[in-house]
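Take a look at the structures listed below.
Below, subunit A partners subunit B and then partners subunit C, in two separate complexes.
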Partner chain A sequence: MSLHVDALPPSRRRAKSSSGRSFLTWLDLKAAPYLLVSPYYILFLVFGLFPLAFTLYYSFFDYDLTGTVEWTGLGNYAAMLGDSAFWRAVVNTLAMFLIATVPQMLLALLLANALNKRMKFQLFVRLGVLLPLVTSVVAVAVVFTQLYGRDWGVVNWVLGWFGADPIDWKAERLPSWLAIATMVDWRWTGYNAIIFLAGMQTIPKDLYEAASIDGASRRRQFWQITVPMLRPTMIFVVLNSTIGGLTLFAEPTTFYNGNVHGGTTSQFQTVSMFIFEQGFREFDYGYASAAAWLLFLLILIGSAINFLLIRRIGGNR
Partner chain B sequence: MISNSRRGRLLAVAAVAALALGATACQTDDKGTDTASGGGSSAAAGPVTVTLQTFGGGKNFGYKEAVDKWNAEHKDIQIKYDNLTDQFEQVYWPQMIQWLQSGAGAGDVVGIDEGGMGLAKAHPEWWADLGEFGLQNRKNDFAAWKWENGVTADGKLFGLGTDVGGMSLCYRRDLFEKAGLPGDRDEVSKLWPTWDDFVAVGKKFQDKVKDTKFVDGTNTLYNVVLVQEAAKNGNVSYFDKDNNLIVDKNPAVKTAYDFAQKISQEGLTAKLRNFTPEWNTGMKKSQFATLGCPSWMLGAVSGDGGAGPDFKGKWDVAAVPGDGGNWGGSWLAVPKQSKHPKEAAQVLDYLTGKDAEVSVFNFAGNMPSNVQAQQDPAVQGAKNEYFNDAPVGEIFAKSAAALQPVFLGVKHAQVKNAIESVVSAIDDGSVPYANGWKKLVDDAVKAAG
Partner chain C sequence: MTTISAPAGTRRRTKASSGATSLWTPTPMTRLVLAVTIIISAFPLYYMIVIASRTNTEATDMPPPFLPGGNLGENVQRVLSNPDAHYLTGLTNSLIIACTVTVSVVLISTFAGFAFARLQFKGGKVLLLLVLLTMMVPLQQMGIVPLYRLMVSLEWVGSIKAVILPFLLNGFGVFLMTQYTQQAVPNELVEAARVDGASTLRIWWNVVLPAVRPGMGVLGINTFMLIWNDFMWPLIVLTPDNPTVQVAINSLNAKYGTDYVLIFSGTLMSILPLIVVFIAFGRQIIGGLMEGAVKA
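Up next, the complex of A and B:
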C-alpha cells in the first residue's frame, strides 16, 4: 500500500511549490496511508467496537424488547452467576470445546505431516482436505443429524452390530457433545492441517538432514524437530480454535432443528445459543448482553490458558 | 523483539475475540433478509407483490390453491406465499416480533397462532388498522370470540380469523386391524370415551404390535388434554385473565401433565416430539398409530413433509376421548411496516373470505373460522379422501360450534415453549418422572419472569 508513496522520485516532490500542489503532497504522503487502511477500522468500529460498547451499556439494563427498559446496574451479572441455565451452557461449551479440539489438533498435525511428504497429485490431495470447510455448515449439520438419528441413524445401526443399544444422541448429554464435536472436527481438521502444513514448510530441511545423519528416526524427527519448530503456528491455530470453539453456534443449533434451546433440557446448548435464546427468544436483551460479556471474559481466559500451555510445547526439549 | 511480537499476537487475539463477540451479540437469523416485500416502489408499472408469511408443518395454512387462483386472476397484485417454518413458538413468532419491533422484515400479510394473539393485541403499534380498508363489515362472518381476538386493546381491528382447531383423534386403521382392534371409525370412537380407556386400548395395542408405538410422544396429547381440561377450569390454561401465571394452581395443567407422564411410563410413546424432522420421519416409517388431531393437523399428516401420499387411506379420523376441545387456530394481520397496506388488506380479506377458507378446508383440512364457510355444503358434507373418506366436515363443524375459546396470556408463547420442553424431556428420559412436575413449574415461572 505504501508503494505509491515510494514511487514518487524526490526531485519531483521538491518541484511542487504551489499551495494546491502542497495539499496534494500532504494528501499523498500523510493522509493516503490512513485513508487506505481506514476501511478496516471503519468496519471494525461499526461492526466490532460499537456493538461491543452498546452491549456493555445495555448489560446494565433490564431491557425487554416488547416492554420496558430499566436500569439494574450489575443486577444482570449477579442473576447470571446464580443462573443454573447459564452455567449449564458454560459446561456444555467447555466440554464440547475439549472433546472437539484435542483430537482435532492431533489429527491435523498428523495429517499435515502426511501431506508434507512427496506424493502424486500433491496439490489435489492438499486441496482435498479443505473440502469439508467449503461445504455449507447447514448441509454438514443436516447430514450429521441424519447419521446420529436415534431410530434410523447410521451410527446407531453400526453400533447395533456390536450389540449396543441405540443411543438417543439428542437426549443424553455426553453423546450429544460427541456428535457435535465430530461435526466440528469434520469441518475444521483439514483447515488446521493446511495451516500446520504451511508452518512445516518453513522448517529448514538441513535440520532433518542433520538429524538423519545422527541417526534420528522419522518419529523422533517429528516430535523433536517438527513439533517444536511449529510452535508459532500452533499458537495461532490453538487460539483460533479456542475462539471458534467457545463461540460455537451453528452446529449445535442445526443439530436441534434450528432451535437454540439445545435439547429438551439444554443438553448441548452453548453459551452463544444461550445468549441468542435470552436475547431473541425471551427478548431479555440486557440479560443476553451481560451473558455476551461473560462469554468474552471466558474467551480471554481460555485464550490466555491455551497460549501459556502451547508456549511450553517443546520448550524443555 | 520477541516480547514485542508476542504482545502483537495477544492484541490480535483480543481484537479477533472482540469481533467474534460483536458477531455473537448482534446475531440475527439470516432468514429475515429476503422476505421483505419486493418490487412495489415503482408503483405505476409492475404488479404489487404482497408477501404472505405463515408457519406450520405439511400443508400449513393450506393456501396453495387459493393463492394460485388469486395470482391467476389478479395481474396487478401478486401474492408471494412464504411458509417460514413449522415451529411457531420457537422460531416463527420470536422472529416475527423482532421484525415487528424493528420495523423491517415482516411480510405484508402475516399469520399469527392463537398463542401469539395475547401479545399481538397488546401492541397496536405493530399493526395496520384494517378498519381503514373497510374490513369492519366482516364482523358477521365470525364467531364473537374469534372476531374480538383480532381487535387490539384500544379497539383497532388488526386481524381476521383463518381457521379453528376443533379436535379429533387420527389413527392408523391398518395398524389397528393388525392389532386385532376394530378399524371402523365409529367403533374406534366407542373404544375410548375417556382417556383411561384410551390408555387401556393402547396397552392392548402394544401387546400385539411391537414395531409401532401407540402415540407419537407426550407433547401432542398433553396439549389435547390441556385444552379439554382448561374448558372445565374457567377457560384458562397458563395465565388467568389478569395475566398472572397460574401453572401451579390450575388443575388443568397438572391433569394434562399427569396424563403425559402416564402414557410415557406405560411405554406407549415413540418418544417423538411433534413438528421435528424425526417426527415427520416417524410418520413415514409408521412409528406411531394415533395422533391428537385438531383440524389443521390433517394437513400436517397428509402433506409431503408428513406421512405423505404413501399412507393415503391408511389414516382415519375418530372422536377424541374426553370432550371436544380446541387446539390452535390462527389469524392473519397486516403489519404497519407494510408498504402496500391497501393491497395487503385486500389479500387478507380474500384469504379469510368464504371461498378461500372453503378451498383451504378442501386442500388441507383446516376448519374455517368463517361462519359462512363453515355452513357451506362443500364443508358440511366434506369427506377427506386421504383419511379414508372420513366425514371431516361433520366432525369438525360440530366441534367448532361447541368451541370454548381458552384465554391465552401475553407471555403464553414463551411459557408454552418452556413447558413443552419439560413435557418432552420426561419422555426422552433427560428429566426423571419424579422431578418432572417441579421442573415444569420452575421453568414456567422463569419463562414468564
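Up next, the complex of A and C:
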C-alpha cells in the first residue's frame, strides 16, 4: 500500500480514483490549494495591484486645489523632469543612500567577521549588536536629532574637545546628510552584520585551513575567501538596503520635527517626502503619482546597478 | 536549523586540528571592535533614559548630562496628560493594530505556505513567482495616493481599519512560510495523512501547524516589530486625535520641539513593548534572521 502511495503524487492519485464522486472530494483536493492561497491574492488585488495601476492612471491627470481634474497625458512627467525641487530630492536621496550604504556594508562585513570567532557570551554579544533594530525608527531619529543639536548636542560637544566650532547639522546639505546617514547606519549595520554572519557560517572551514597552511594571512583570507563566498548574501543585503535607502522617509522627516519639507530649503528632503508633500500637502495627486513611478524607476535602476556591481566582486578571482 | 548548528561543528573541527585553532579565536582587536559596537548600539537607548528622567534645563546643560535623573515619573505623567498627543489612545491603537496584523499575516502566510510547499496545483509556480516579484516593489510608497483615495471613499480615514487592512498584504510572510514548510514538513507525512483519509484542512491543522510553529514565531515577531514601527501610512491616513504611538510622538515633536524631556519620555515608552519582545524572544529573533538570510 505504502509503496503504491509513494509512486504517485497524492493529489493526482486521489483525483483519478474519485473522479465524479462527491463535491466535497473535489473541494478538498482540487479547490483547497486555491482556497488556501486566496486570502493573500485577494489582499494583493485590493491593496497591491489596484493602487499600483491607479497610481499610473492618476499620473496622467492634473489635479488642483479647487478640485478640477484634467487629462494632461505625460504632462506631469515632463514638468517633473524640469522641476528643480524634484531633482533636489533625487540628489538628496542618492547622496544619503551612498553616504549611508558604503561604510555600512564595510562595517557590517568587519563586524560579522568579528562575530564569527569563538567566544563566550555569544548570544549576549549578538543581541547587543542587534539592539538598534528593536528601536523604532522615529525613536532613533528623535534621539539622534538631540545628539546632533546645534547648541546642546553631544556630537558638537565632543567635536569641541578638538577645537571645532559647533556645526549647525540641520542647516546645510552635507552635514544634514551625514547626520541622517548615521541614523540609518546605527539602526541597520548590526542587522546586516548578523545576516553576513549567517552567510559566513555556510563557508566550508576547510578553505581557511587550506589557505593558512599555504601561508595566506588573515587579511588575505578575508578578502579572497570570505568576501567572494559571501556574494549571494551580499546581493540579498544590498538589494534590501537599496529599497530601504531609496524610500527613506521617517528619519529625515523626524529630523525636521515631523515636517516633510526636509529643512528650510529642502536640503534633506527625500523622494518619498517629496511624494508625500505633493500628494498630501499640495493635494496634487497626479504629480505625486508621477513621482511615485519615477521613484520606482530609480529603485529598479539602483537595484540593477548594485546587482551587477556585486556580481563583479570576487567574480574574477 | 543548519546555520544554528554550525558553530558547534566549528568548535569540534577546530579542536581536532590544532593548527587552525588560532583562526577562530578572537584577537584583542576583535574583542575591542565588538565592545565598541555594543557600546555604540546601547548608547542612544541609554541616552533616551537619561534625558527622559531629567528636566529641560538639565537637558540643555553644557556639558550634557550622562546619568539618569529623578524626573521620569513626572515627565511620563506630562506625556500621558498632554492634550495634543493622545498618547494612551496611540499606544492602545498601536497594540491593537500590531496584534491584529501579526495574527492575520501569520495565518494567511501559513495557509499559503502550506499550499505552495506541499500541494500540487495548476498555476502554483506562477503564483509563487508573483509573490517574489511583489516583494521587490515598495507598494507602500508606490500606491499611497490611490490607497488614500480608496480610504476616503470608504470613509475610513481616521479609523484604524485603514491602517490594519493594507498591512495584511505581506509577501515576505508567504515566502518565509513556503520555505519553512518545505523544510519542516516532510512530503511523506502529508501523504501518509492523506492515505489515512485526512482532509486538506485536517492535514494543515494536525500535521503542518505543529511542525511550522517555530517559523510562525519568527514571522510573528518580525511582523509585530515592522507594524509597530511603521510611520508614513498612519501619518497620512490617521488624524492626530486617534493616532498610532509613532504618530503621537510626531505630534509631540511637531508642537513641542524644544520640550526635550517630554518627547524623550514619549519615545522611551514607545519602545518598551519592543524591548519586552526582544528580551523574551532574542534567541529566536537571531536564529530566524540567520536562517532566513541563508535561505534567501
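Keep this in mind: the second predicted complex is superposed on the first by the 289 of 317 C-alpha atoms of A that agree within 3 Å, B and C clash if a C-alpha of one lies under 4 Å from a C-alpha of the other, contacts with A are read in each partner's own complex, and residues count from 1 in each chain.
Following the convention adopted for this analysis, contacts are C-beta pairs under 8 Å (C-beta built on N, C-alpha and C of every residue); 3 or more make two chains touch, one makes a residue touch a chain.
As the structure is a prediction and not an experimental result, all values here were calculated from the model.
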item	value
Touched partner set for A:233, first subunit B, second subunit C, both or neither	second
Subunit B versus subunit C as contact partner of A:215, first or second or both or neither	neither
Partner chain(s) touched by A:303 [first = subunit B, second = subunit C, both, neither]	both
First, second, both or neither for A:73, with subunit B first and subunit C second	neither
First, second, both or neither for A:283, with subunit B first and subunit C second	first
Which of subunit B and subunit C A:163 touches, first, second, both or neither	neither
First (subunit B), second (subunit C), both or neither touched by A:137	second
Touching partner for A:263 - first (subunit B), second (subunit C), both, neither	first
Which superposed partner A:82 touches (first subunit B, second subunit C, both, neither)	neither
Touch count on subunit A, higher of subunit B and subunit C	C
Contact residues of subunit A, present in both the subunit B and the subunit C interface	44, 47-48, 51-52, 54-55, 151-152, 236, 239, 243, 247, 249, 257-259, 272, 275-276, 280, 288-289, 292-293, 295-296, 299, 303
Subunit A residues within the subunit B interface of the complex	44, 47-49, 51-52, 54-55, 65-66, 85, 145, 149-152, 168, 170-173, 235-236, 239-240, 243, 247, 249, 257-259, 261, 263-265, 267, 272, 275-276, 280-283, 288-289, 292-293, 295-296, 299-300, 303, 307
Sites on subunit C touched by subunit A in the complex	2-3, 6-7, 10-11, 13-14, 17, 19-20, 23-26, 30-31, 33-34, 37-38, 40-42, 44-45, 47-48, 51, 59-64, 108-109, 111-112, 114-116, 119-121, 124, 127, 130-131, 134, 136-150, 165-166, 168-169, 171, 174, 188, 190-192, 194-195, 199-201, 204, 225, 228-229, 231-232, 236, 246, 249-251, 253-254, 257, 260, 263-264, 267-268, 270-271, 274-275, 277-278, 282-283, 285-286, 289-291, 293-294, 296
Of subunit A, residues touching subunit C in the complex	1-2, 5-6, 9-12, 14, 28-30, 32-34, 36-37, 39-41, 43-44, 46-48, 50-52, 54-55, 58, 110-111, 114-119, 122-123, 125-140, 142-144, 146-147, 151-154, 157, 186, 190-191, 194-195, 197-199, 201-202, 205, 208-209, 212-213, 218, 233, 236, 239, 243, 247, 249-250, 253-254, 257-259, 272, 275-276, 279-280, 285, 288-289, 292-293, 295-296, 299, 303
Complex interface listing, subunit B residues touching subunit A	9-10, 13-29, 85, 87, 90-91, 94-95, 97-98, 101, 119, 122-123, 271, 273, 276-278, 281-282, 285, 287, 414, 417, 421-422, 424-425, 428-431, 446-447
